[in-house]
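Consider the two complexes below, in which chain A is the common component and chain B and chain C are the respective partners.
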Partner chain A sequence: MLELDTVTAGYDRRAPVFRGASLTVAPGQSVGLLGPSGCGKSTLARVAALLHRPDAGRLVLDGTEVRTWRHRAPRELRTAVGVVFQQPRTAADPRLALADLIAEPLRATGRRAEAEGRVAELAPAVGLTADLLTRRPHEVSDGQLQRACLARALTLRPRWLICDEMTAMLDASTTAALVAAVETYRETTGAGLLAVGHDRVLLDRWCDRTVEWKDCLPAEENP
Partner chain B sequence: MADPRTHRLRLWSSAAVVGAVLLAVLLVPPLVQLDEQAVDLSRKLLPPSWAHPFGTDDLGRDLLLRCVYGLRISLLVGLVAALVATVVGTAVGAAAGALGGWTDRTLMRLVDAFSSVPHLLLGIFVVALFRPGVWPVIASVAVTHWLSTARIVRSEVLSLRTRPFVDAAVSGGASRWRVAVRHLLPAVLPQAGLAAVLMVPHAMWHESALSFLGLGLPSHQASLGNLVQTARSSLLAGDWWPTLFPGLLLIVPTLAIAGLAGVWRDRLNPRRRSELML
Partner chain C sequence: MNAPNAPHVSGQRLLRALDAVSAERAEDAVLSVRDLTVRFRLRGGRTVAAVTGADFDLAAGECLALVGESGCGKSVLASALLGLLPGNAETSGTATTDGIDLLAADEKTLARTVRGRRVGLVPQSPAAHLTPVRTVRSQLEETVRALTATGRRARRKAAEDAAERAAFPAGHLDRYPHELSGGLAQRAATALALIGGARLLLADEPTTGLDRDLVDRTADELRRHTDDGRALLLITHDLAAAERIADRVAVMYAGRIVEIAPAHRFFGPTGPRHPYARGLLNALPEREFTPIPGMPPELSALPEGCAFAPRCPLATELCATVPAFTAGLACHHPERPRA
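Let's look at the complex of A and B:
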């Protein structure tokens, strides 16, 4: 269970982006978070991914309350939540070939030996052909790069996946392919999903339930 | 810098000068096998001729040979000092930028403290602590020149640290060290390398300044600063060649190295083409 409990977060303590937001994602469940841009969805997603320390409130992962963030967070908690960002161009290190990009989390966690096998397993799952894997980010399209970024988020088999506007930059067919890849992963592993976006049609069809962000809070969970 | 012909001319002329200088300092001493310190008072202060293209100095030593040896020492000091300063500056800047917080504040105040002392003065202080020689000069130039690199690298790291690819690495379990070494350092290396090359001419000028002041290399050892310094008295007597040639050999190669660095910077950062910072 991924629980955000009355979280207040932002980039200036005196003026937080949102106050007291609560949201729960059960294992195997997919939750869509819908709202206009600038309302704080991405900040909430960053808190849920342990990348941004909230000013108040709690994040609980499977009963373990998260008390440290970013590098200081225990590795097993950090890697339990995979993230896909909106813009693949800025989310991919421009110096790494796609294969290295996908293998990086395994190398960073000292599991070098598994890297090659995992890349070979993930690449077809997200629709990347072998010739693309040797290319660097500037040599592939946004869609191809986002596929690699999704694969990277899945490399360590996270128990939750957070897709922060994952498909906002992409065309319809790539969107469908990426959503299908996420769903296949969830079916095989039972992972939970938090999909952040502003496309109501997509989120309604993709997710078990959709939470709409109203008055600076996810409305459904904050009556 | 709009004209590509000027650009190409700058690249090739700089490359030709740097190439010629490197060939001279690498090949002349082992091939010629002449003693640049051999004194021949019967030939003192001869003007340039076929036998002595740069003339001779007040002790009858061949100036061309002394200039080549002097350039060798100056280049060595410039390269090693620039390398040391860049490594130190990059390490300090990367640590300050990547770790942030107290480490950042402490390191940057240290940089401010070093910058607040005029760096020639600090350099003189450092050489004064040791016997005259090449290494104190290198240490003096390195100690005073890592500051700008540290600032450049820190600001680059600070801007990179907030990019989503760093978030992605953190989320993928990367340690602080891994993020710094695998993602941040490779991104700042081109800037640090450029700073190093731009520093070589600057370091050569510093070596010459210290030697000119009598604080650098021992006066019998040929270095461009020493050559200009010993030639001062003959200049007043109307003998121009002992000052002109070492002076030219200091100016032309340093301009050529700065020219090459300028071309590199234009490639790296096309928006700043109009500036030429030495």
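Let's look at the complex of A and C:
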């Protein structure tokens, strides 16, 4: 279970972005979180991805409450969650070739030896050719770079995947291709998915269930 | 409806009818693009074929949506029309508006008579387009000052009128860009594009990253400006936005326009005829949600013949040659229009 229990979070304790949000994703389940821009859904995605510490409330990952969280959440918990952001240009290190981008999580966790094999597995899964893997971000299109960012999120075989507006910048065909790659990964690993977005048609088609942003919030916080 | 028995005859008739339509278009066209080609020369002798042989007309009151995957050359086409290509670009063909060939005009002509006056640009991300340290009013007035020689009071009035035309609320004029929502920033940018009274509007991905309500609103506002007698070239990968406001849809693949079709046919039950256009539509979540296999080719290493052939389910040996663009289509074996 990936569980957010009455979480309050934001960038200023006196003015949190949202208060008391609750949301649960079961293993193997895909949940779409739907909300307008500026509602706070990306902040919630960052909390769920263990990248942003909530001000209050509980975050529980497979029964383990994430407690010891000062500057960063503990690594063994963080690596259980993969995340893909909206803008591949700002998410990817411009100095790294796509192959290094995908392998970096393994290097960072001291598993350099596995890198080559894992990249060779992931590249075809997200539709990247060997030629593209040698290029750096400025030499590929947004769609190709987002494919690499998805692969990178899957490198450590996360049990949970958070996709925050993963396809908002992409054309219809690339969108369908990336969603298919996510679903193939989930079928083979049983990973859970939280897909955050504003496209109802897409989320309804993609996910087992779609939650409206206001349904995560306690009734009195509803607009 | 009776299907004609001799398809080649009806095909010819169709061609003639289409030619007649496009000839009519050419006369009252706000923008006339003929065989527009853009090449970038890279170091090491490589050439990027960004746009090849684009050919279309755009009439007053008409919206043409240019759709295609990212990196297919859509934005390069827009930059070419504004004379904003980088120095290593080589162009050929013509793009005429109001008797001026945008490709041949020198920088002075472009700066003094074209940008803002004949061609207005509605940018992709208004937040990045607006100056962060100045209010919306001051930016509007600056543009008024640059485009028209008027006194201070007239300037203020012109800026307020432009804001009103773009449905930008007067009460927000003294705000800075960071104090505006995405929708209002988009309107402020649109107001800037409208100031010079340009008859041709270029909107380059005006809806990217906006949520659906805002996409619909932005699209509807662009449509309203089109209905006021402007011509709108809407460059987008958002097929829903194109369906909402476009009169015609041009599909671009690997630098070439492969099909131009009326929007009602493109999005209607008949559908487009080019296999790529059909694939693009079928990738939508409200349709089959299946991607087109493979990825678009590199514009610096295009295959011989039809660039889509390696991904095309209908490809045959015919596709080793580039199909000519006739009657709004460039394909050797298009899907037949269904009656």
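Here, the second predicted complex is superposed on the first by the 210 of 223 C-alpha atoms of A that agree within 3 Å, B and C clash if a C-alpha of one lies under 4 Å from a C-alpha of the other, contacts with A are read in each partner's own complex, and residues count from 1 in each chain.
Heads up, the rule we're going with is that a contact is a pair of C-beta atoms (placed from the backbone, for glycine too) under 8 Å apart; a residue touches a chain by one contact, two chains touch by 3 or more.
Computed from a prediction, not measured in an experiment: that's the story for all the values here.
Engineer: Which partner does A:T90 reach: the first (chain B), the second (chain C), both, or neither?
Structural biologist: After superposing on A, A:T90 lies in contact with chain B but is clear of chain C.
Engineer: Applying the document's definition of touch, where does A:S37 land relative to chain B and chain C: first, second, both, or neither?
Structural biologist: After superposition on chain A, A:S37 lies in contact with chain C alone.
Engineer: Look at A:L202 in the shared chain and tell me whether it touches chain B only, chain C only, both, or neither; answer first, second, both or neither.
Structural biologist: In the superposed model, A:L202 contacts chain C only, not chain B.
Engineer: Once the shared chain is lined up, is A:T174 touching chain B (first), chain C (second), both, or neither of them?
Structural biologist: A:T174 sits against chain C, while chain B stays out of touch.
Engineer: Tell me which partner A:S141 touches in the superposition: chain B (first), chain C (second), both or neither.
Structural biologist: A:S141: touches chain C, not chain B.
Engineer: Now for A:L50: first (chain B), second (chain C), both, or neither, which partner does it touch?
Structural biologist: first
Engineer: State whether A:V81 touches chain B only (first), chain C only (second), both chains, or neither.
Structural biologist: In the superposition, A:V81 contacts chain B only.
Engineer: Which chain B residues qualify as touching chain A in the complex?
Structural biologist: Within the complex, chain B touches chain A at residues 163-165, 167-176, 178-179, 182-183, 186-187.
Engineer: Going by the contact rule set out above, which residues of chain A touch chain B in the complex?
Structural biologist: 46, 49-51, 70-71, 75, 78-79, 81-83, 85, 87, 90-95, 104-105, 108-109, 149, 152-153, 155-156
Engineer: Under the definition above, what is the set of chain A residues touching chain C in their complex?
Structural biologist: Interface residues on chain A, with respect to chain C: 36-38, 86, 127, 129, 141-144, 165, 168-177, 179-180, 198-202, 204-206.
Engineer: Once bound in the complex, which stretches of chain C touch chain A?
Structural biologist: Counting only chain C, the residues touching chain A are 68-71, 181-182, 208-214, 237, 239, 279-281, 283-286, 289-292, 294-296.
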